[in-house]
Amino acid sequence: MPQLPGLLKGLGVTARTAMRTLFPKRGMRTLIPAPQQGSVTVQYPHEKEAPPDRARGVIALHEENCTACMLCSRSCPDWCIYIEGHKVKAPPRRAGGAVRSVNVVDRFDIDYALCMYCGICVEVCPFDALFWSPEYEYSEPHIADLLHDRIRLSEWMETVPEFLEYEPGSEQKVRKVPDFGTDDFAPKRQLGADDAGPARKLEADGARELASGAGS
Amino acid sequence: MSPPPTASALREQQAYVAAQAADARVNVELDTGDMTLNIGPQHPATHGTLRIACQLDGEQVISAEPLMGYMHRGYEKLCEVRTYPQCTTLINRIDWLGSFANEVPFILAAEQLMGVEAPPRAQWIRTILFELSRIANVSLFLGDMGVQVGALTPVFFAFRDRERVLNQIEEVTGGRFHPNFDRIGGLKDDIPRGWIAETHAVMAKMRGFCDEMEDLLMGNEIFQTRCRSVGVIPGDVALSYGLSGANLRASGVDWDLRRDANPGLAWDQVDWRVWTHPDGDSFARYWVRLQETREATKIVDQLLDGIPSGPIMAKVPRIIKVPAGEAYVSTENPLGEMGYYVVSKGGLGPFRVKIRTPSFSNISVVPWVMRGTYVPDIITILGSLYFILGDIDR
Amino acid sequence: MADGTGDEQPDDQAGDEAREALAAELSELLGDAVVESHVEAGQNLWLRVDIEQWHAAMAALRDAGFAYFGFLSAIDWTDAPEGRYEDTEFDAAGAGEEDDEASSATAEETVRRGGGETRFQLLAQLHSPARHAAVLIKADVPEADGAPASVPSIIDVFSGADWHEREAHEMFGLVFDGHPNLEHIYLPTEFEGHPLRKDFPLLARAVKPWPGVVDIEEIPPELEAQLEAEVMAEFEASGAGA
Amino acid sequence: MTGALGLAYWAETSIKLGVALIVIPTAALMLGYLFLLKMMAFMQSRLGPQDVGPYGTLQLIADAVKFLQKEDIHPAAADRRVFRAAPVVVLASSFLLFVVLPTGPDAVVENLDTGIFYAMAVSSLSVLGVLMAGWASANKYALLGGLRAAGQLIAYELPLILAVMGVVIQADSLNLQEIVRAQAEGEIFGFGLIGNPFILTQFIGFLIFMISAQAELTQTPFDMPVAETELVGGFHVEYTGFRFLLFFMAEVATAFAFSALATVMFLGGWWIPGFDFDAPVLNVLGPVVMLVKILVVAFIIFWIRFTYPRLREDQLQKFAWKVLIPLSLANIVVTGIFKVVL
């Protein structure tokens, strides 16, 4: 049957929490109620929470880098990335080079109604064309509107934060987010491998071979 | 700190059941009839879509039969058509409150088949995230148990403080609930700068939360009246039903896969202990989980201080193909033993994945333990067994 | 209650030796029930028992201290006709790329690694909490008239096997003799078929075309030379070529 | 017959009725807002409602409007007439409680000589409504809830009434106004400045009264008839819209009424030390003092509600029969002895 201490302790916990919520201020201003600061909740539509930089909110597409290699689409567990493209001829990279065949993306859709936000597509992309953005406000009244096309996906690029520094002891290299929208007049769709490091380029080449091998 | 465990709980329960059975016989003579009460599939106590079909005599349970499958997603079949990296996405969603911990045994099984071992730094960070998801998962239980027995406030405390842990997980993995961060051969990324200090602070907060729960709920006499001698599961019954995790340890069986079958994570590098309780009742299960949460914060603190430097990925091919073979790896997940029996025939994806989930076995004891109890006890027992619906239905 | 430091972390070698010893011990215990035992280096211990002795073996193991019932399930060893519903060339291309030895496992090897001779195989995992050792028990389920023969239920040995057997029943169509309530556990009562059998198609994948098919429009061959010249001209005109 | 204001009986009664009809919902709203929304939120590190009105003060009115807009649904198998009547019965019981509550020398709807007797009788009416709701809903959860409420009624009316008996013995009257007077004019060891609020001499009675009131109000730890996590709301599981609103209002209004009863019986009621008992100014100041005291008592009721888990029905019965009733009987005996001796 009830004994005092346990019951009273419980009352103490709730009372203490109420006091902390209502009077979070210390020192001279202890008695000024300020529940806005004392509470842990966020009044959502009025104030917004900032997710961490790595948060997987929405996928942004850096279209210039995309070569329609289909790797993302293939490694998607939900089959929710749809890509179509066509080939064009691009000028050689340097003087004396040969004219290259380049893939141009016509369609790059991600169906967020199906997406499971696993991030595999971002990870497998060998050309740095896909990035995570922590933005989360893109709910729609109609489920069909959750299919973001390449224009919509490119718009998210502005919200992509820089990659974070690592804790000491890490041997990871901090990646860079490519600049967006600075170079409007440059010939469109430079291959992303151009400005990546040699290791990445190698990987990219491998992936391209793979893509063409599978396509043949 | 620890309330004296009473070994007489089982005897009490048996006497109680015997008395109830005697009552029930009287009722049979009077032919008062039974009532079927469906608890669920939509019911606040089943936190999910579990249905328990109860035969009631008044408020007393004659039989209780869990019926599930309302959320059966067929993960074992789905895994068969996915590649190994794609599987972790699904596996995240089995026990959705401790997702990272779900990934680990699967990845370990695949690594075992491939003969790959993750570098030490990855192992340590894995262990840290594993324990963080344990804290996130179990702290919700600590509050939720309050709601099951009628106290509103603890669950809000639990949500409040769990959020801090989830934030830490999200800062590393990018996902609050579905990290999808573990990779065959290591981890997707390293931890960001400043994270270790923040996590230390959060761990201190979580210990405060445990103290608060002890004062607010566990020490409360009403809570103890509700939970002691309710739903007693003796150790041998628990073993026979395959109960695992805190449920098993609360029945006095000293068994923790982190200590006894450590598959290579960093638990053996730090100082911690396994908590057991001899009673096997609902209170014991709560008590063990509370101690374990506290212990987990200590594990995390020690691990954070000792993360070795180095790479976080072993050398694995870019396209992962697992050699033919079979492996069963299980770890001590927040809910109990979660194991993956992975059969590979050498393709990009597994040939067969048997997912041994803790909740499935934990809940299978329900028909046994609920006979002769009262309707409110159903809720207490269900709450204290602590299941996640995704973990039952897969 | 021991602390976790340094305790119970044998290196693989010692672990394997312990497993070998355990395998020998259990083979002796179970006598002629054991068809095959296998220790995978650094991994698990499997025992394959005769299906006739399934129940007896389980009871013997429980009495020998393997009191913790891990799980019971089954495998269908046939290959799914649809594969992964994806472009199989992609799989093949991935295989050719690197890591070739991975795919070298032969059919015999699959069988050696614990696989059985029959299509369906029953497996269960038991654990001894006292000696911290686990054992995986397997049994081949023979087929009769196209359906798997019935298997003795081990519900009276391990109460927890109840639901696991129901699951194996609905997923693989195995029949457990002596099970009091062999009904569907997850699926609706009227559901037909056994989803985890390999010949059961996964409709979600079958109804939708795989989006990973390469959909790149090639330049018509007759235009190729002309476009090439145009691009080259533009390139030289821009001065980049100089 | 004329009342204190010198008006005709009908006129005075209509005025009092009008005031009561305004005061009671206002009181319920205030209590609901202050404790049910805000205090609970603060105790849980939240803010509570913020959007409707300044600091969310109008939230409950918005909720009421929302409830009014909802469709009035009956379960197909429900006993319709009883189903509809149940919330009205419950609400009526809490309204009737207010009739005898004195808030000033003349500020009382009807000063009954058997006031406390009447209050106890009327308050148990609400359980009848609960039982009706539980039965008529044709829902198993509701039925269980209704039955639990009935069981609780039997277990808790007794200690409630027995706890009040101590006060009645000490005050020599069943009239609530007289009980206030007894406290105002009483003195403890010859020290009469603050009178003798019976909480001092009847502390055990006060405790038993508060515990029983908690059960009467179906507040945690005795909220088994509602028990969201077990019975999904118990007797009112099938109610929506307006009828649910009635239950909700009754719940808060009864909490208010019981806090007022406790104030009157144990905390000295509306009387302010230093004033004449009949001073007309107390008709204005009295309600204010009452309100403050009521809020304090209600605070305790809700504080306990937000902190404690709930007991099981059989544990509650055990507690009532084995602890509370013997204790309150002993309390009566001791009070009686003191009364006779002193």
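Every chain is named by a letter (A, B, C and D) in the order it is written, and numbering of its residues begins at 1.
Criterion: a contact is a pair of C-beta atoms (placed from the backbone, for glycine too) under 8 Å apart; a residue touches a chain by one contact, two chains touch by 3 or more.
Since the structure is predicted, the reported quantities are computational estimates derived from the model, not experimental observations.
Student: Between B-D and B-C, which chain pair shares more contacting C-beta pairs?
Tutor: Here the pair linked by more C-beta pairs in contact is B-C.
Student: By mean C-alpha position, what chain is farthest away from chain D?
Tutor: With centres defined by C-alpha atoms, farthest from chain D sits C.
Student: Mind checking the centre-to-centre distance between chain B and chain D? Centres are C-alpha means, answer in whole Å.
Tutor: Computed from C-alpha means, the inter-chain centre distance equals 43 Å.
Student: Roughly how far is chain B from chain C, centre to centre by C-alpha average, rounded to an integer in Å?
Tutor: Here the centre of chain C sits 24 Å away from the centre of chain B.
Student: Centre to centre, by mean C-alpha position, how many angstrom separate chain A and chain D?
Tutor: Each chain's C-alpha centroid was found; their separation is 56 Å.
Student: Taking each chain's centre as the mean position of its Cα atoms, how many Å separate chain A from chain C?
Tutor: Those two chain centres are 34 Å apart.
Student: Among the residues of chain B, pick out those that touch two or more other chains and give their numbers.
Tutor: Residues 82-83, 153, 157, 160, 216-217, 220, 222, 225, 318 of chain B each touch two or more of the other chains.
Student: Which parts of chain D, given as residue numbers and ranges, touch two or more other chains?
Tutor: In chain D, the residues touching two or more other chains are 43-46, 306-308.
Student: Multi-chain contacts only, two chains or more: what residues does chain A have there?
Tutor: 1, 7, 10, 13-14, 17, 40, 206
Student: Touching pairs of chains, which are they?
Tutor: A-B, A-C, A-D, B-C, B-D
Student: Please give the residue numbers of chain B that touch chain D in the complex, ascending.
Tutor: Going by the criterion above, the answer is residues 35, 37, 43-45, 59, 146-153, 156-157, 160, 216-217, 220, 222-223, 225-226, 374-379.
Student: So in the complex, which bits of chain C are touching chain B?
Tutor: Against chain B, the touching part of chain C is residues 1-9, 40, 42-44, 46, 67-71, 73, 75-76, 79-80, 84-86, 91, 94-95, 97-99, 101-105, 109-110, 113-114, 123, 125, 129, 132, 134, 136, 158-160, 162-163, 171, 184-188, 195-196, 200, 202, 205.
Student: If we count contacts the way the header does, which residues on chain B are in touch with chain C in the complex?
Tutor: 68-69, 72, 74, 76-78, 80-83, 112, 114, 236-237, 239-244, 253-256, 258-262, 267-276, 317-319, 321-328, 330, 337, 339, 341, 343, 345-349, 352, 354, 356, 360-361, 364-365, 368, 393
Student: With touch defined as at the start, can you tell me which chain A residues reach chain D in the complex?
Tutor: Against chain D, chain A makes touches at 1, 7, 10-11, 13-15, 17-18, 20-22, 35-36, 38-41, 43.
Student: Which chain D residues qualify as touching chain B in the complex?
Tutor: For chain D paired with chain B, touching residues are 40, 43-46, 140-141, 144, 148, 220-221, 223-224, 227-232, 306-315.
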